[in-house]
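The letters A, B and C name the chains in turn, as written, and every chain counts its residues from 1.
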Amino acid sequence: MTGQGSANRYRTALLFSAMAVLLALVGMIQSWNVAFTLLNLCLISAIMTLGVNIQWGYAGLVNFGMMGFTALGGLAGVLVAVPPVTKAVAAGGAGILIALIVAVITVIAAVFIWRRCAGSGRRQLWATTLVVVSGLVVFRLVLDPAVSIIEAIEPAKTGYLGGLGLPILLSWIVGALMAAGVAWVIGKISLGLRSDYLAIATLGISEIIIYVLKNEDWLARGVKNVNGLPRPVPYEVDLQAEPWLISVSEYLDISVIDASSLIVKICYAAFFVVVLAVLYRLAEAALDSPWGRMMRAIRDNEVSANAMGKNVTARHLEVFVIGSAIVGLAGAMLTTLDGQFTPASYQPLRFTFLIWVMVIVGGSGNNAGSILGGFLIWFFWIEAEPIGLWFISAITAGMADDSWLKAHLIENAAHTRLMTMGLVLMLVLRFAPRGLIPEKKR
Amino acid sequence: MIDLLNALVLITNFIIVPAMTYGSQLALGALGVTMIYSVLRFSNFAHGEMMSFGAMATILMTWYLQGQGVSLGPLPTALIAIPVGIVATIGLVIMTDRLVFRYYRRIRAENVTYLIVSIGVMFFIGGLIRFIIGPNDQVFTDGQRFILKARAFKAMTGLNEGLAIKTTQGITIITAIIMVSFVFWFLNKTRTGKSMRAYSDNEDLALLSGINPERVVMITWIITAALAATAGALYGLDKSYKPFTYLSLLLPIFAAAIVGGVGNPVGAILGGFVIAFSELTLTFAYKKFLTYLLPDSMAPSGLMQLLSTDYKIALSFVILVIVLLIRPTGIIGGKTL
Amino acid sequence: MSYLIGKDMTGGYGGADILHGCTIGVEKGEIAVVVGPNGAGKSTAMKAIFGMLALRQGHVMIDGEDISHLKPEERVIKGMGFVPQTNNIFTSMTVEENLEMGAFIRDDDISETMQQVYDLFPILKEKRRQPAGELSGGQRQQVAVGRALMTQPKVLMLDEPTAGVSPIVMDELFDRIIEVARTGIAILMVEQNAKQALHIADKGYVLVQGENRYTDTGAALMANPEVRRAFLGG
């Protein structure tokens, strides 16, 4: 097996070096700031891809709810790191809490009634509906007044409950935990579904999550966004005053502003690399362990695994929770990097489907492949615009300057990236379905 | 008596007419999705973009016609253009099947593979559309806007509440009825249609009976493309065309197909209307309605809204999730999971 | 030479051979029954004759013509009809639609054939607008046979038609099969219920481990003490 193993390792090293070269090229041709921004987002994408791969590659689960888990991670950033709006908490906090308790009680009661009346069709339906509707009514009665109070407090600046005022790095863990919790609930109820139904259900649930975040202003200001999140790294303006930075910028012959922003990005990159490295190590260890072998056995033949007494449902749930937690972690990291929480920015195309392209292209079932896929696809997603523009400009160079076609092509060059991504995905699935770095035979 | 009439008109104007329209759009989309599911056995995530493509082709043709001075009087010029949109979409869809999906049929790929491939197709067609027509809002309606104006209605009946029916709403409902009837006639009365149902019912036996699978597949795509193009164009006529919106239409359409009973054409239609009516009835503010019906002393003060209008679209997802968990075969019972 | 014959058939599903030089044939208007223990290769022999698996050696001839290279759909055109053991009807379609689909490859007027099928199976005429899936087990088998008859085959092959039905239904099914044979169609049947099947058989083949062990008329096989002991329960 060593022959195949070392060939794979050689190939992996080659591909990653190529990736590094690409990033360096961006740094030299465009700017180092752009290159490092790209690197940071590549790192985050790689982590998300790792999370999805754990669900898809290890267990064959199709989770289209990435967008929701990422948003939950971002929400954690807000809930953990933003200072509490004391007035709002005092006025409406209790109301919100009671409403949430009512909601939980309603759900528990509904499940209980459902189970109790199982088998008596009509009665089951009516009883549960009654419980749910009455619970909903009470919930609204308690929630609405609390919400109006909270949202009325300085809506331009706050209008929400605020957070706990703790260090934002903590939110990375909290984000993972929140995502894990929600994933547990989702998994418990929907993992029995077949692949495409699971995909649709998770997509639907993630849309619901985003919807709630966009509309419940009392939680995280909805579409008004939460800006100015605290950070774990220095602020550029503070750095610009530092003498050592000024000498560095003189030495490198770049502006002080550029240098400061570069340093900030490098700091983030350092954090992200550490997280990625840790996750990768853990993921690889898990794959090699008896647990990993069992997961693969289940994925390759669920029926016989079941017959052998392996609790397939429990294992699937584990994998679903862990993978989603990682995505939540990445979501928190992303919001930390952005410094703001923007619910409207969570789009299924960018967060769910693009990550799936990364997983497939990189190599399903292979952790290094996921990382590479994350890097590569994100790189091309961003760089497709300048590259496409350059390409189209080159093609249309011969055309008359006032040609409608030329103007139209140049204007819409940016959209070639969607087409390119689609093409890449289709080509990989057709000609290299195991991805760039196929799963190692263990 | 007058109050009762007013209440009825209120409901008709704000719930029934919009729900019939939206339901028709969803039904057309869901019918296409369900046919692909029952014959090709996968959920086509690219369906939204196929609808968008049909709408785009229709728009381009409409602009051309409008540029040539062609008009249809009170009706939107787009009506003439829709057949062109249908033909264009059929072409796109057949080419996609030939270049992309057919390979996976040959290698007998798993259901999941088709799903992910359709995501690639979704990306590609989506990009293509934006490349051709740009990402912005396009309005291409012309002709008379209303069949029945609220003011005219009030003048006619002397009621307090007005009933307005937009031309596009009327067109959507009528076109949907026509297309759906045609599809049902085709599936139930023609030999080819029956062979499609047979193929969907029992593939091996159908092959044994000499039914040509590639022909069945092609006809399915053709019908689906026609439905998708029409639904897309009608939606764009009624609201406005923005390439971006069709991805978000995908979920309500899947919801409609699944709720009604996936794989079952009647289920798709039913599901479309169930979703549309639920969305509107559960987020409507019943204050005025109740004020008409109840004696003055009991008139409500609050909005009497069960869920805020913001949650309209989320509602279809909630219904979908609930149906998937409780009764995955849908209301009528399509193919089981 | 029999009207339909699978001669010296050797082959399997890709791995080891299941059939070893097995020969099965049937004349027009005759009922031939293939019996044997489980795993003897009965269904495999049937599928080989129909073309659902490739033979390494041997060939299949119908009316003197070698059809060994034809696909099942093409053999239907040559006059073969096949009733699979399971999944042999379109459950969501009506009885009449099932019959229509049975005649799919024909482009002439099928109403006369359909009337013949209804004459043979009166219950189908009664329930012709009902979805086939709603019928009882025995009635569904009748739909399956009727469906196969719609191409006006010269040979009808049935794979365990009485599997899982009650004895009364089984008797009725065999009665119908005899009626079909009387119209001049050759019947080739694989059966698990050996005793009852050999009772109506003109010719019987006992297969063991993919080979012909005994070949004789149905009556003779039933009288044969060895056959009785081994397969007919004494």
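The rule we apply is simple: a contact is a pair of C-beta atoms (placed from the backbone, for glycine too) under 8 Å apart; a residue touches a chain by one contact, two chains touch by 3 or more.
Model, not experiment: these values are computed from the prediction.
If the chains shown are joined wherever they touch, the resulting network is a simple chain of contacts running from one end to the other without closing. Taking the mean of each chain's C-alpha atoms, the chain whose centre lies closest to the overall C-alpha mean is B.
Subunit A and subunit B have centres, each the mean of its CA atoms, that are 31 Å apart.
Subunit A and subunit C, compared by their mean Cα positions, are separated by 59 Å. Chain centres here are Cα means. That of subunit B falls 47 Å from that of subunit C.
Contact residues on subunit A toward subunit B in their complex (touch as defined above): 60, 62, 136, 189-190, 193-197, 199-201, 203-205, 207-208, 211-212, 214-215, 348-349, 353, 356-357, 360, 411-412, 415-426, 429-430, 433. Partner subunit B is touched in their complex by these residues of subunit C: 72-73, 76-77, 82, 84, 87-93, 97, 100-102, 104-105, 147.
Touching subunit C in their complex are the following residues of subunit B: 191, 194-195, 197-198, 201-202, 204-211.
Only residues 42-43, 100, 103, 111-113, 115-117, 119-128, 130-132, 134-135, 247, 251, 254-255, 258, 306, 308, 310-311, 313-314, 317-318, 320-321, 324-325, 328, 337 of subunit B touch subunit A when the two sit together in their complex.
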